[in-house]
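This report refers to the structure that appears directly beneath it.
Letters are used for the chains, namely A, B, C and D, taken in the order the chains are written, and counting of residues starts over at 1 for each.
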Amino acid sequence: MNKASSLAVATALALSTMPALAQKTASQGIDEYRAMLQDGNPADLFEAKGEDLWKKARGPKNASLEKCDLGKGPGVFKGAFVELPKYFADTQRMQDLESRLVTCMETLQGFNAAEISKTAFGHGEMANVTSLATFIAAESKGQRFNLSQAHSQEKTFYEVGKRLFFQRGGSHDFSCASCHGEEGKRIRLQDLPMLTKNPGDGVGFAAWPAYRVSNGQMWSMQLRLNDCYRQQRFPYPGFGSDATIALSTYLGVNAKGAASVAPAIKR
Amino acid sequence: MADPMRIRAQSSGDKATVRVLMSHEMESGQRKDASGKTVPAWFIQEVTAKHNGKDVFSAEWGPAVSKNPFLQFAVKGVKAGDKIAVTWKDNKGDTRTDEATVS
Amino acid sequence: MNKKTQLALTSLAATLLVAGCASSPSVVEFNALTDKIVKASFRDQSHVKVERITATDETNRLCSEADVAGKPLDEKTAKRIEEANLKAIKWPSDGKFIGDWKEGEKIAQSGRGLTWTDKADDTNGGNCYNCHKIDQKEISYGTIGPSLYNYGKIRGVSNPNDPASKAIVEYTWGKIWNAKAYNACSNMPRAGHTGILNETQVRHIVGLLLDPKSPVNQ
Amino acid sequence: MQNRRETLKHSAVVAGLLATAGFPEFAHAAFNKAAFDAKSVQDSAKAAGATSIAESKDVTITGPDIAENGAVVPLGAGTALAGVKHLMIMVEKNPSSLVAMFHVTDAVEANFSTRAKMGQSSDVYAVAIMNDGKALWAKKEVKVTLGGCGG
């Protein structure tokens, strides 16, 4: 295969020249790459699993989640995703999709909510929460975000979320806004959505849960925020904690009108 | 037991394009865990497909196929309503079969 | 702030009452509530302690508040912050500003260190390429910060040891050590000041940017 | 489109049936360990029965010019030639080149796609092993970039 290797060298040499051109080609090339992955998103596997988990009788009470109230009445899941987080009168608190699912797993199925919340992402019942969230989110695909700001608590969480978004700290002085406060920026080759306003359909808040090809994991919004905080060099935000829900409320309200593409596929 | 596959089989003319997603770790055998020990290879080794019960497709895979694998192929002489069944078997002997109706 | 609200703020469970007030809460109340929620929501993980965000300095606090308000710091406050940060810069102990650009490139490439998944004794990276174009051979660079390609060349540094280059050399060291000394609310971390990079590492980064032999200046 | 619920229902039934029946016998189903263990494109083709090897315009390799992540690189191999026995997808610079080997029958088109892991930028190959033992190949370069925060 002598010809092959000499060709390889020639190609490599050609690619190392003309960096300006290569740069332009790089972003186009990556767009092509992303397009190739759209057909066949492994998130489908998690969505199917989530649907199964929703319907299956499980837990100490051997019950399904089909009577779970995600904000639109017991058992209604279509369109629920694009209205969360919201205030729930029964728990008297703001909840996002995942913390609400955990509430239902406790009240309907008899699981221990505190135990689930302490479980690491990708493990045990927490992995099931992620699959369930993927299924519920997928049922609102194409719908536009429309979070309520009617309840005073919803407004309060928006204001707190805004403060969290701009909170500088950690060893690097980073806030969410360091990366997501301006338009058209990127980290390495990753485009960064500006999250202080509606960043557009299927971008930012409207793209998670998403399948991450880099590690082959399904990432929920809670994990997305958790890993943002990790990279921000912040301490660990508790699963379903008020901080994560306030931040989600801020992002969700800002995303008003953006069509959801969740579950998406990401780097 | 392994999680189900997602199979989409779409007919166009007299053939059907089959797209499959499989739930599998596809551990490469090259990776080290936190303690520095090599994680043993664990991957789907054989994939086969049947059209209405008849063998039509087979492939062998190595550990370099990505996690949660995707596969696309096209079967000839297929019409809507036919059945396509896909089976995988991994190097530990685990196997899984799922079936889809051609649309 | 009325007494009822104050009481409400004393416990997290009672935060509902704040919102329940007829009048909307004030900025101060929202700030206080945010602090409480932060304390209740974050926990230590590995070597990353909650103090990292509850015990932030005045620079971060004032800049965060300005960001929330959506207007920049007033000139006087900004000056004061910059002066305080400038004073805190540690200059090279041996008077040498220029290190090995090859080592600098490695540090610029590395995004490791100081997250809860990093080991406490890991060597930290500079995260530089995350935000800056530097060596133009690296196409995977970020755009949050300005391009640093040809950084020294553009500034006319042909010999960093020449007294004529002194001001640029010192500024470059200072900017990497403590970016807030020159721009109070810069997005850039204070690599030396907050202990991300040590003196030797900062020297290598300065070398990467200013050494005429560095690929940055080709 | 296939209804998800139906797929699941079928899956359960079929899985139950086949779990006991074992893996169906199929002419090509035996795993060609030598081909997968081979380090190079050429050795792997030989292990798959190739007696000679040459570049061919009649074989196609599809893949991105740049992959944002080496963990998932969509690759495809195809040919319109008659008399093809196997189609192989290979990544030259992987520890072992062979990613996947597809067996061509009259019932399927000689055109297959999957996704591969790539440790670094490399040439990727489609190799068609013909019935007469000739191996015909096509290749393209796929650049793997470092995405994200590099941490």
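Criterion: a contact is a pair of C-beta atoms (placed from the backbone, for glycine too) under 8 Å apart; a residue touches a chain by one contact, two chains touch by 3 or more.
Note that the structure is a prediction, hence the values are computed from the model and not measured.
Simply put, of A-D and B-D, more C-beta pairs touch at B-D. Located most centrally within the structure is A, per distance between chain CA means and the overall CA mean. Remark: subunit A and subunit D have CA centroids separated by 32 Å (rounded to whole angstrom).
If you average the CA atoms of subunit C and of subunit D, the two centres end up 47 Å from each other. Taking each chain's centre as the mean of its C-alpha atoms, subunit B lies 12 Å from subunit D.
Chain centres here are Cα averages; for subunit A and subunit C they lie 27 Å apart. For subunit C, the set of residues touching two or more other chains reads 115, 127, 129-130, 139-140. In subunit B, the positions touching at least two other chains are 4-6, 26, 66-67, 70, 72.
In subunit A, 26, 48, 187-190, 213, 216, 231 are the positions where the chain touches two or more neighbouring chains simultaneously.
Partner subunit C is touched in their complex by these residues of subunit A: 16, 19, 22-23, 26, 92-93, 151-153, 155-156, 159-160, 162-164, 166-175, 177-179, 181-182, 184-190, 192, 230-231, 233-238, 241-244, 246.
Subunit A makes touch with subunit D in their complex at residues 1, 3-4, 7-8, 11-12, 15, 25-26, 29-30, 32-34, 36-37, 47-48, 51-52, 187-190, 213-216, 231, 267. Of all the residues in subunit A, the ones that touch subunit B in their complex are 39-42, 44-45, 48-49, 211, 213, 216. Residues of subunit B that touch subunit D in their complex: 1, 4-10, 15, 26, 28, 30, 45-46, 48, 50-51, 54-62, 64-67, 69-77, 85, 87, 89, 95-101, 103.
Of all residues in subunit B, those touching subunit A in their complex are 3-6, 19, 21-23, 25-26, 66-68, 70, 72.
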